[in-house]
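To keep things clear, I will list the structure first and then write my remarks on it.
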């Protein structure tokens, strides 16, 4: 896992996450104001959009803009990322600002959604710092914890962390877990496509996942401890 | 929970599920052949589509056909129902037939997706029986188990099964669990929007959910033990 | 023809109409305010949306939300229902409220559009009563008459009322007539696809239709004479 | 009413119809083969598409291609024109050819749909002649009659034929009638938006309409009696 | 090249341009106010939409409204026409009015985009005159020059002006040039699909194009020197 | 200008082009077969798709997949890139293979379309080499020349090459030129939005552009002279 901050010049936070051959670019953009249904509440908003470059997959995937509609998988992952990030931020402290996290997959080899969440948190943290420096937060510390995510699979009966695509595609059970640096859970999504799994397998997968997320939380903290590379983004909008 | 079989005349299986004020119509339609990517494999296919009537919700919801696009939530639930049903059926035994399960929510008061899965299994079972009677199965027993689903929430710190909408909307954690009548798991989706939850809360929720699913499996078995109400559907396509 | 009022709990009016095997759910939802082009006029608005469940037809029909566009037939029928209902209501008496009538076909066996209009009127009447009870009408009696509709066909040279689908599909002429309880006409739509018809056939069809609508008006009046089943809807929005 | 044949060079039939200030261009294009659901039947197909130029209306109307969807009114009229033309042609004699009639409104001042039908018949007749000359008909005389259409309105209590837009928009009842040169009816669509009408008004409107259609049938016959202006279209596809 | 002004009754400017067999209808509609992003600037706006009638091409082309999306070529040409017209008008003098130019191709035989620009200028000039007569201009002379356009092609090694479709489709190089009556350039678009071209060929093409545009500028001036045919449009919106 | 080959692992060619702050990822994917209209011709096909990451621009731009349609600018640039590449490749030598070039802008600061063309050529060359190594070319040398592109602007009356965004946005004239390493032209697109330009300015811009393209052709040749970084892509599809 490699985390590169300040990958792009314009967004308030821009992080390239690399995880095996998987590479995801997570950019946090700040916008004054919130969606209409939230205006005047004094609360901020955090949302996310996930997409894959056509060239990121083993076999080229068609552009959703060309197809004219967003697929179910894309919708699902965008919503997951947004929910995960909203679990760690105090919307009143954020004030009426909207942070949009764009997670664009540059290269896919399994685990893109969990890599996206892990990188998105770092981009979010940089965007929050940027807002603080600009004096635009209602309260100085909106982030109550960090969030990171791993995928756990069962292949040939053995529980394994973060499988590359080739193994992932023949996993009997597939689970994505989002957890905080406090060791609490944010999201658990376990699926046995064409198979079912026992309670004890599930327990073992959660054990693996929590250990994996704890390790990622340390890497995130290390990355954020370093000073921001280059000058701070100017407009950041 | 009330299960009414044979609710409509045309589909091979048609089940009205009622669960508190929630009512979902689950219809299983049979079509010869499978999607192109599966043709010639000898395997069947099961898919699902979920939708809500505009008048089913407390406040009228706009029609997705009028908006011209399907929302993320609808996509997500349709995919969940399809995956859940595919876990209990042997595609080789089904042969090159496609079964489409339409889950249309007539009235919503929380738990529509879990009611839909529970009813969809019964409609699927009726459609499989219909196919068998028509001599169109490759193997007589394609269903290896039954599937049912419940939602579990934590409200005011207490774990609770199948909350109505009003309580559901203020749950701190929300989990949907799909399980078989063998007590194994098919899907686990736990979410803490705006909050996180501990490992021990999660364990307790799974306990509740497995007990709930076991009870539903019995109700499904009872419903299916009765003879088919009225004459069997003719065309069923 | 069977009319069940109060079929759903949330809408201000909710009517299930059954007509042979045809079943249509008509729900009237009330919303404060009117579309922008009518704002400030002091006049209300009534509109309708018609749709068929995929499982309602003999052969499953694809969802229009999945296709991403509404077909010509759906558009045509939605507009017909809306126009028909607007003929019997005084928009000034309604005040700046919008009533949307959703007509969703649960099961189709011919005559769904005429059944929809007939049921929609009853749902509209209940919604108007609800508005009156809530003190939100500008004038106590906005409904000037009732409307009902029948289809008339010519099969094998004989004029017939409300054909089931199998006969309807081989009718030489097909006519839908909407009429009031005063015996006046609201809409007449006669079509001879692949054939033409004489003036005298047309006259005979109108005779049949007016008699049919008069009988339906009595059934509507009977249904509305009964007290509202269950408690009145709360929010009704 | 002025009918100009051969208005464009490429289509097999191309007719400009002028009716007061209303001008509609009706072009009949011939294509070998029929839609997939009709292939192999030996039968031909006739279909129509209606549209208005943005600049044709009193106030500019937005392009449906820009809006990305076709409105209900456009759908309705396209379907009406297609049905009307199919009433006068023997599909077996046409053979497996498709004729598409594009009716594009150049200038609108009321009665565009009836002008379109009247012109479309003439374009269709020219396309049929062209197919005959090319030896591509299964049978020499596919047209069994001619069709023409008028609109009838009631304004200030008086029945009137083919109102210009300004009067049409305040008509109490509006009826479109399609009839053949044999005096039989093809379509009757009568509407009383915001009002209802009596049986005797309806009878009187039909009288007016049949007289009007008979006059148009004569004009169509005269126009078609003249030789084709200029050389016959070459490709005509 | 034939220019007919006042072709339609409603728009403020309406010009039919004929060029060989190519015929384009250019209509300029006036609307009070400007798009939101320009409101309050005191500046006007000019925009254009280009489209082809399905029956205008040698082989019928599908309607973009039916396809539900506008193609790349249509977008490109609409943008080109808009940019070209904006080069000759002083937006401050126009004041906060929007002029939309609809260029609809009635018949296509090569050079539709250049014919459209040439006709659109004349329609724009009439619309500006109309605005002046209505006292709605901020300044009496918003047009600083006229614009016209030609296409130049290289066929069999020879440079040629305004090729008909058959020759155009086998041109080795294709260039569209928009120029003013002052001899300055507005747009140059040269393309060698499947081939490349030398600097000297390019220079020669520009020579031809500027001469062609100068001749068109004279024809535009002649056409505009005549009085407006018929009465001035009333509403013109 | 920096050119990095082999940036991604899956596509047959993958090039990151950096030009000032502008960064574009150009990926060439190979697919067996050609579009249906070209099947059986023995000729190959090359096409391109251009898009911008939402986070690539100074102010976040909305995703075209979310908007549900591709904008005019995107269409225009995709078509330009495709045409430019097709000018340098012999389709018969390519054989019935399709090469799709995805140009995704990672960061935008002016000149993204010309950077995309310049990088796309290098990716195309790598894909052609890959096809040759796989023995899938009809003829060993399909590329007849190289292509590169620059933008030229006039700012404050002075001709300038490849302006960054801030200067580009206030250029009086903007020209994009695509040229080969033989010094011939492929595309010339010059625009004077809100202004016009003289023949002599145009000549000067072409001089600058041809010199710039010649320099880029050298850089492309240098980049391609180096051995492919890392192992050759495996599937490359």
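A few remarks follow.
Order of writing sets the chain letters: A, B, C, D, E and F. Residues in each chain are counted from 1.
Assume contacts are C-beta pairs under 8 Å (C-beta built on N, C-alpha and C of every residue); 3 or more make two chains touch, one makes a residue touch a chain.
Source: prediction; values computed, not measured.
Touching chain D and chain E together: no chain.
Distances between chain centres, each the mean of the C-alpha atoms, put F farthest from chain C. At the interface between chain A and chain B, over half of the residue numbers involved are used by both copies, so each side presents largely the same positions.
Each chain gets a centre from the mean of its Cα atoms; for chain A and chain C, those two points are 49 Å apart. Centroids of chain B and chain E (each the mean of its C-alpha atoms) stand 58 Å apart.
Shared contact sites, meaning residues of chain D that touch two or more other chains, fall at 68-70. Residues 8-11, 14, 21, 25, 27, 29, 31, 49, 51, 53-60, 63-70, 74, 100, 102, 104, 106-107, 235, 237 of chain B touch chain C in their complex.
Contacts from chain F toward chain E in the complex involve residues 69-73, 75-76, 78-79, 83, 86-87, 145, 175, 179-180, 182-199, 202-203, 206, 210.
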